[in-house]
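The two complexes that follow have chain A in common; it is paired with chain B in the first and with chain C in the second.
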Partner chain A sequence: MNPVYISAAAALSPQYTFEAEGLLQDVRSSDNGKLFVTDADYSKFINPVAIRRMSRLLKMGISTGMKCMQLAGIRSPDGIITGTGRGSMRDMEIFLGDMIRLKEETLNPTYFIQSTYNSVNGWLAMQTKCNGYNQTYVHRGHSLEMALLDAQMLLNETNERKTYLVGAFDEMTDEYFLVKSKKAYWKKPVPNSLDLFKHSDTKGSIGGEGAAFFTVTNDKENTICGIEDIRMLQDPDENEINRTIENVLQRHHLNIKNIDLVLCGMNGDSRFQPLYANILTGFTARTSITAFKHLTGEYDTSTSFALWLATELFKRQEIPEIITLKKGIHSDIKNVLIVNHYILNSASILLLKGN
Partner chain B sequence: MAEKIVVTSIGILSAIGRGTVETLHSLKEMKSGLHYPVHLQTVHANDFLLGEVNKSNDELATLLALPVGENGYTRTTLLALVAMQELMQGIDKALLQEEGFAFINANTVGGMCSVENMYEDFLSEDYIGDKVQYIDTLDCAESTLNVARYFGLKPFTATISTACSSSANSIILGARLIKHGIVKRAICGGCDALSRFTLNGFNSLKNVDKEACRPFDKNRFGLNLGEGAGYVLLETETAAKERGAEILAVLSGYGNTNDAYHPTAPSPNGDGAYNTMKLALDSANLAPANINYINAHGTATLSNDAAEAKAIERVFGEQVPLFSSTKPYTGHTLAAAGSIEAIFSIMALQQQFALPNLNYQTPMEDVNVQPNTTLTNASITHVLSNSFGFGGNNVSLIFSKA
Partner chain C sequence: MEDLKLTLKQQIIESLNLQGMTPADIDDNAPLFGEGLGLDSIDSLELMVLLERNYGIKIEDAREGRKVLESVSSMADYIQQHRKI
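For the complex of A and B:
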């Protein structure tokens, strides 16, 4: 398949990523194990009547999608494809809680409707009057990756210039945090989020959330970067990750020295740290190694933040101190690898090429 | 479409039976699977007829040689596994271990059927008992990954959730993955178990009928919920012929569009359904007159059936083919509906019949189309299967005679 290209990107995250001029200059952190997004003025992106009943996740997802469309200068995409691990968690929790408390009587349908995983897609289609292809993947740590692969397939199924709106969204809630703590998702005791990687010798991570959208097209002109390869691994060990990276490089006629930057999804959890061992040591001095989950926390679709971050790095050609684990001696940022692992044993590897 | 994508094995489980033989028997006998629930523990058990699968979780586990009791599997996964068991019996498992193979699954609420009964314990600060093993089962992907693990497979996997069109979308995705050469074969479908969450959700929308649902009837009131699972094995015609497999049907076309009209209601003149059916016909290179039977979405809600009937009238004009909704047999099985009804469509091709729309009596007022009400023997070459969902997610599939 031919590569596809990102022409615009928008991200809502715990950091100032939605509107800020600079990239990760002022940094937000937390001491309670949870990183929540920095809210934006959602009323700029959503119908004022509709927004009143909308839950936070819907506002996050719809606004980020609309912002991305604005940046791309497009009114209506050819289709909308998203990935989410959790959908509107809070709507689900409220409807479920009410159902238990009220013994299945007099329930408010709004929470039920908004809890369906495809509700953000439905709203985005309405707001952009997009009757085209519409799809929602709910596949844990591969949700965004599937959405990107689907877009790549669609763009390879046509000879016309087309642009799809592709994105991901996931929210953290207090209930989610409590429930998942029983499955050892989080660090105890809780470090400050910025110190996450200093505690990579203990189990657990910190909880996070975010939304990011991309306009993805088959016409390279005026785009930021190309998505050259998308690989998804289930239950991988370190060897499989390393083999896959080698395989990706080989397929695209690249040497390890050609990789200027690696965005690493390490989440401070000692159980998964070995998966990144070779990445941290195996690249040459040319390659910059970076990490981001101390800024976002862990969530199913965190690859979407990494992908957004990559588009910013391509544009700015400068790597903020706060994400740098090792500074490489490459001249510009051209070939980028994203290597991400999610807590429920899935990993993904993306190869990007700046234009 | 360049290379033909064909169906070579199926697996089905719903309120009207386990496996193809039982299912066909119920369809032919016009025997509905709707009844008051026995296994779903709800205060509404005596209020609503449901398409509940006639087996307890322990009975399902036993069929799968799994331990009974709290074994870590949700009913969603158990339904999926039992349907998959039939599909797997129809093929040599080695086929799926050697070469590129995808398992594309779909559901709407993951393991909510288990989680809703444990949630209070999950929220209790100091609870650390056995139920903790069910915490991650809320994810839609849980059943997908569990099916792969149960059968000892390591496929390419994906899980789709687009409400009531979910598993019709998995069939499209599987076909496209094969066409792109990403995999050689794909098992596609969906599963959903009845849950109080979903029953109360639809009930809060006031569109659940207490009686058996009456699709396309003027006096229809709403839907009956159901549960089940359905899976189809897709491969190219060449791959099927290479191994001498029996071809059950050809997936000759599909369409996916969005209504972009309202979060839960279709556009009243059926624009969304119209566009989707048209797209499927175009992709199959067929004219409306080529379709011999439509397995309609036909949920029996006021808005769906009005919009869908109008759209059928607009697409097919004077030559409306035999059409029916099979929801009165199975209830609305949500994410499983697309693949279960895809299998009914394949049965229509194989048996050369159009299925009846049970419980139909009075024609709707502002459309001229009327569903087929008996098991009708007919020459069936092409079948259109509709699946329309919340969020405006519409899908049509076309299956053709091998």
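For the complex of A and C:
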């Protein structure tokens, strides 16, 4: 398949990524194992009559999508494709709680209507008057990757210049955190989020959430980077990750010496740390190795934050110290690998090339 | 009747999350939909739920529902005549 290109990107995360001019200059941290999104002024992006009914996730997703469109200078995309691992958790929790509390009678319709996974897409389509293709993938740790792959396939099918709005969104709730703590998702005792990687010898991670959107097109002109390859792996071991990286590089006539930067999705959990062992030691002195989950926490669609971060690094050609594990001696940032693994044993590898 | 209208306005504000509004901002006779408060079809479903949950009133006929939900006054009148709670 031919590559597709990102012309604009926006991210809402626990860090000041939505409106701040500098990249990760003031860093937020947490001591309770949860990294919640830094809210933006959502009223700038959403119809004031509609916003009063919306949950935080809807506001996060719609605002980030609208902001991305603003940055791209597009009023209406050719289609909207998103991924979410969990959808509107809060609305679903309220609706299910009311079912028990009210004995399945007089249930509020709003929570039901908006707890569906495709609410964000629906609202974005209405706000941008987009009648085109509209799809939401709910594939846990592969949700964003499926949305990107779908966009790539659609854009490969046409010779016309088309632009899709592609994004991901996931929220964390206190109930979700509690339930998953029983499945040993989170670290005990809880370290400060910025010290997450110092505790990679113990089980568990920290919880997170976020939203990120991208305008993805088949025309290279005036774009930030190309998505050259998207690979998804289920239950991979270290060898499979290494083999897939080799295969991706070979397919694009590259070798590890050509990679300027690797964005790793390690989450501080000792059970998954071996998956990154070769990346941490196997790349040459040229390659910078970076990580981001101490800034976002772990969530299904965290690859979207990594992809947004990559677009910022391509634009700025500077790597903030807060994400640097190993500083490489490359002159610029041209070829980037994102290697991410989600707690449910799904992993993805993306190869990006800066324009 | 005035007490009922005040309570109803408070319930409408809370149930529809009309941020920044107080009961004094809602005119008893102003239309709730369209030009008045500017409510929409999902709000009408929420108001039906409000009537059922707080007053035991179930409106099955959509035409009747439209008349009942015209304004705070029409809702209060209907509640006074039909309430079961």
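Throughout what follows, the second predicted complex is superposed on the first by the 355 of 355 C-alpha atoms of A that agree within 3 Å, B and C clash if a C-alpha of one lies under 4 Å from a C-alpha of the other, contacts with A are read in each partner's own complex, and residues count from 1 in each chain.
Definition applied: a contact is a pair of C-beta atoms (placed from the backbone, for glycine too) under 8 Å apart; a residue touches a chain by one contact, two chains touch by 3 or more.
Small disclaimer: the values here were computed from a predicted structure and weren't measured.
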item: Partner chain in contact with A:Ala20 - chain B first, chain C second, else both or neither; value: neither
item: Chain B versus chain C as contact partner of A:Leu178, first or second or both or neither; value: first
item: Partner chain(s) touched by A:Ala277 [first = chain B, second = chain C, both, neither]; value: neither
item: Residue contacts on chain A - larger count, chain B or chain C; value: B
item: Touching partner for A:Ile329 - first (chain B), second (chain C), both, neither; value: neither
item: Touched partner set for A:Arg52, first chain B, second chain C, both or neither; value: second
item: Chain A positions touched by chain B in one structure and by chain C in the second; value: 105, 107-109, 113
item: Complex contacts: residues of chain A adjacent to chain C; value: 49, 52-53, 102, 105-110, 113
item: Chain A-facing residues of chain B, complex; value: 42-44, 108, 112, 115-116, 119-120, 122-123, 125, 127-128, 132, 135-136, 139-141, 144-145, 154, 156-163, 169, 173, 176-177, 180, 182, 196-197, 200-205, 256-264, 272, 275, 389-393
item: Of all residues in chain C, those that touch chain A in their complex; value: 15-19, 38, 40, 42, 45-46, 49, 52-53
item: Chain B-facing residues of chain A, complex; value: 1, 80, 85, 87, 95-97, 99-100, 103-105, 107-109, 112-113, 115-119, 121-123, 125-126, 128-140, 142, 146, 150, 153, 156-157, 175, 178-180, 182-183, 232, 234, 344
